[in-house]
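This report concerns only the one structure given below.
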Amino acid sequence: MNDLKTTSIFPSLTRRQLFAGTAALGAATMFPIAAWADGSRLNVRAYLEPDDYDPLDASGFLEELLYGCIYRKLIQYVPGEEWDWQLDLAETIEQASPTTITFTLKEGQMWSDGFGEITAEDVKFSMDRHMVEENNSRIKPDLGTFTHVEVTGRYSGIIHMERPFAPIWTIALPYLAGTVICKEAVEAAGGKITTAVPPAVSGPYRVVEHRLGERWVLERNPDFSGDPAEFERVDLIVVVDDSAAEIAKDAGDVDFTSIGAGSVQRLRENPPAGAEMTVHPALFYHWVGLNVQNPKFEDIRVRQAIMHAIDVPSIMQAAFFDVAEPSTGIIAPGLIGHRPATQIPPQADFARARELLDEAGIDRLELKLDVLNNVTHTTTAQVMQAMMAQAGIDLNIEVHESGSFWSLGVAADGDRWKDLELTIKRFSMTPDPYYATAWFVSDQIGDWNWEQFSNEEFDRLHDEALSETDPEKRDEMYRRMQDLMEESGGYRFLTHGVTANLFADSIIPATRPDGQPMVQFFRRA
Amino acid sequence: MLQYTFQRVLLALAIIVVAISALFTIMITLPGDPTTVLLGPRATPELRAAFRANMGLDDPVLVQIANFWGRVLRGDLGTDYNRNRPVAEAVFSALPHTMALVFGAIFWSATLGILLGAFSADNRNSWLDRVSGILSVGFIAAPSFVVALYSLLLFSVTLRWFPTIGAGEPGDLGSRLYHLALPSFAIGLAWVGYVARIVRASMLETLGENYIRTARAFGLSRRKVIYNYALRVAILPAVQVLGVGIGGMLSSAVFAEIVFSRPGIGSLIYDSVSGRNYPVVMGSMLVAIGFFVTCALIADLVNAALDPRQRVK
Amino acid sequence: MGHFKHTLLGRLLADPMAVFAMLIISGLVLVALFADAISPHNYAEMNLVDRFAPPSSTYWLGTDNLGRDTFSRLAQGSRIALYVALVAVSISGTIGLILGMIAGFGPRWLDNVLLFIFDTLRAYPTIILALALAALLPRGLSTVIIVVVITSFSEYGRVVRTQTLSLKNAEFILAERAMGASSARIVFHHILPNVLGPFFILAAMNLPVVITIEAGMSFLGIGVPPGTPSWGATLKDGFDFIRTTPWIIVAGGLPLILVTLGFTFLGEALRDQLDPKLRKSR
């Protein structure tokens, strides 16, 4: 009988250097060793469909779920509770100077389909193509100040950057932008991967087919240079709705799935047989944003009053089922730049809010809140509406589906961005603070900076911090940036959320610290 | 009959053209730029501009409509820029699933409905008739998405008689049918009620007609009268209702595909409307409406062929 | 007309199904009128501690994800359902009635144009058109009504048109024309009363469809604003948390089923009474 194991894992706030790269694991120990090579299947749920065949077009984590199985990189994340990386294709890799990284490859790592050995030319091809204008690479921003790869030998090369770019270690090399593809095969196919079954793969699995709208079918890659993959067949099954995914898991149609926060408490109390659940702190950041340029909010006391009228613990209880914790900013615990506390406490103070409004000479305030059409945010909105009434604030909720919502703050889509008042948003995140502050600089007004927050010091700090090599200094800078955001009265930070995973106890999954699965490392129990 | 057919076909084509063009215009005037949704936080203004140019979003509306139809006539349903693949690929791989769902639903509703309706008419005004009548109405009453949810919970999760997700293994007809059974039943159930009632009502009406009473007067047995004459005539409105019902079934299919996590035109349309993925919306709508209008047309022609009185001129 | 109505009502009351239907409908109207009085709790009051509760003496049908009393919400929801049903059916029915009579009685070219419009509108699967329209218009009950009207009036139009066409060449109409009666007089005095029978049957059967469209739209999240206790919105809340408790969906589906049953029975009873051929064969 298996007891339900629920581990709520919150990494401690240590000031360790991110990605010290201590673990120099060889390829043999990184990929699981299959004791038996008999037939075995794994079904993993994907909450969106990975549908970009070429890394140039990748949109986000779902593509990484796929690429992680079929391609290799210089380095990969280490599955577990703390953010770290490990060697994959690279034999050695180190920061030679602030703007260069030298690497050597392991020899004898092979491509499938007879395309021979993986060489430094493949690495150059894979990374340089993101910088080519015509390719319209969607993930080019992840590479920051990267310029090109210089090939110095069959198995060696140098990665060049224009200015120091610390995040290259944390969000580029071990993630989408660091995916290495086969130069010879892709060039023969016309320079871009346009088919579901790629011309050549290097990972533990290879693609059998992509059933559009349904699933990706992968099988063990016989040409893989490590030990044979754990499973003979892996299906990445697309199930968008969390409830449906849970049902599928119950019925045995999937072995591993993420589930909604609402199910966590219930599963803790009534653990299903043969299953385990783990809860991980996510990297996302949810917040209530206020358009500081809207004439209604000209007086800072009005903005502060609104901030005081939002009770974060109630929202955690109602919308996040008490599994998530109130956040202190946009950078999650465990990353450089995480702030220990907020200036305004997460609990609401309606008396103070009322006081501030009186001082500003406002009797009754009517506000508009735009939210996305999803349960978590509409619930948050309803709770806010009920509570703000206590401070004499009338909140009107407007719900939008994703197409309409995500263009609300975009200047190119019309003038709605000027009239924005309050919005609730969630942004996705990679394990580097640079990727969070990037959206709140002055340049981003009319794009992703819906709060129209514009602060010179903030802009300057953001620019300096991405090149700063001393982690302690970086930490200070990112904390200061979040202080500035809060002081502007335009941000009430809610939470980073959680990722809860439910899986059959016949498998041992491998996830990043934020709970996202790395299927290439899954094993049988 | 030939002239009638020709006219109806022409009309059907005109309807499709107008319906799709009107929808196209609505889509374009919607707030929300596809580039923002599709490209996400990484989109630079240059990238967005490139996508807009590629999708032709900067041209005037009429030009865009003309371009769309021009492409369609050449067999090109457009390019899905989200996936850099032809829209036709997404649409035609989704369409068979929805068609299977709809035809499965028609199968359930036609067989169960005609049986129930004929049975009621045969036993009219008895308690059997009453019970069937109530059942029929009961089937119609429940919204199809509630039926879908209850079926899923009861038959898939609790009893484990049917699978929960997907459409089954390709090439394996048995698996396909197994995955189809429950969702198509959930959609078809409402129509069992409609068909049964239409069949019953129409049969009763026919039974009151002059020519039926004449047949009775000539000594034909009641049973024969019902099953040879009335039922045949009653099938007409059943065909009519089902021909119209396909539109409703497409709506129900949206819910069924979401609840049962099946691929199909319904979920494709829902996702692409939310995502302002215009090329996919237009391509899938064209195919969905085309399919529906064609079915209605066929029902209409069958109707007219079987009963010349229906050809209103 | 008065004499006719009196007889109709009398005959309706003799039909047990019709009685049942009328009981349900009057029940709906009463609940809608007295929703506040019969609700044990304020429908918007949140008690997070008590959320997802099963039915009990405090919460007759349990609570939802924010600890709001489901029964009170459903009672409030009856107001919304009734409002949407009456307004939408009145508007689309009126439009359809007028256009249908014009199409049936007017010149051929006008008939073709109107018929073409009806057919084109019917070419859209309802929820698809709802999605497109709801995204274009501001969210809210008015939008739901607009969507319902646009997707429904053509049905009324067609039925009325068919009825008008068949009456157009009836003997008594031809006689009226021969006597020099104007078209307007013929339409309003002779065609309209004879068209109202099928029209009301359609309206009675269309009411539950309208309520269901609103429920469907709210279920997909494109209907009423969040917090509004429409029956469809309650179903959506229930669906989102179907794994936590089945009660919200079970309770939420009940009023919908009852009401649609009621109106459909009524429509059926009306058809039985108003169709002369059927009456004779009973």
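Note that the chains take the letters A, B and C in the order they are written out, and that residue 1 is the start of every chain.
Here is the rule we use: a residue touches a chain if its C-beta (ideal position, glycine included) is under 8 Å from a C-beta of that chain, and two chains touch if they have at least 3 such contacts.
Bear in mind that the values here come from a model prediction, so they are computed numbers and not experimental data.
More C-beta pairs in contact connect the chains of A-B than those of the other pair, out of A-B and A-C. Among the chains in view, B has its Cα centre nearest the centre of the complete protein Cα set.
We define each chain's centre as the mean of its Cα atoms; on that basis chain B and chain C are separated by 22 Å.
Averaging Cα coordinates per chain places chain A and chain B 39 Å apart. Chain A and chain C, compared by their mean Cα positions, are separated by 46 Å.
Shown for chain B are the residues that touch two or more other chains, namely 30-32, 273. In chain A, the residues touching two or more other chains are 247, 401, 403-404. In chain C, the residues touching two or more other chains are 135, 239, 242. Residues of chain C touching chain B in their complex: 17, 116, 119-120, 122-128, 131-133, 135-136, 162, 165, 208, 212, 215-216, 219-220, 235, 239, 242, 246, 249, 253, 256-257, 260-261, 264-265, 268, 271, 275, 277-278, 280-282. On the side of chain A, the complex with chain B involves touching residues 51-54, 57, 59-60, 136, 138-142, 194, 211-215, 237-241, 244, 247-248, 250-251, 253-254, 401-404, 406-407, 410, 412-414, 416, 427-428, 439, 447-448. Those residues of chain C whose C-beta lies close enough to touch chain A in the complex are 44, 46, 48, 65-66, 135, 138-139, 221-222, 225-227, 239-244.
The touching residues of chain B, counted against chain A in their complex, run 30-34, 36-45, 47-48, 50, 82-84, 89-90, 93-94, 152, 156-157, 160, 163-167, 170, 258-261, 263-264, 267-268, 273-276. Only residues 11, 14-16, 18-19, 22-23, 26-27, 29-32, 125, 130, 133-134, 137-138, 140-143, 145-146, 149-150, 153, 197, 201, 204-205, 207-209, 244, 247-248, 250-251, 254-255, 269-270, 273, 285, 288-289, 292-293, 296, 312 of chain B touch chain C when the two sit together in their complex.
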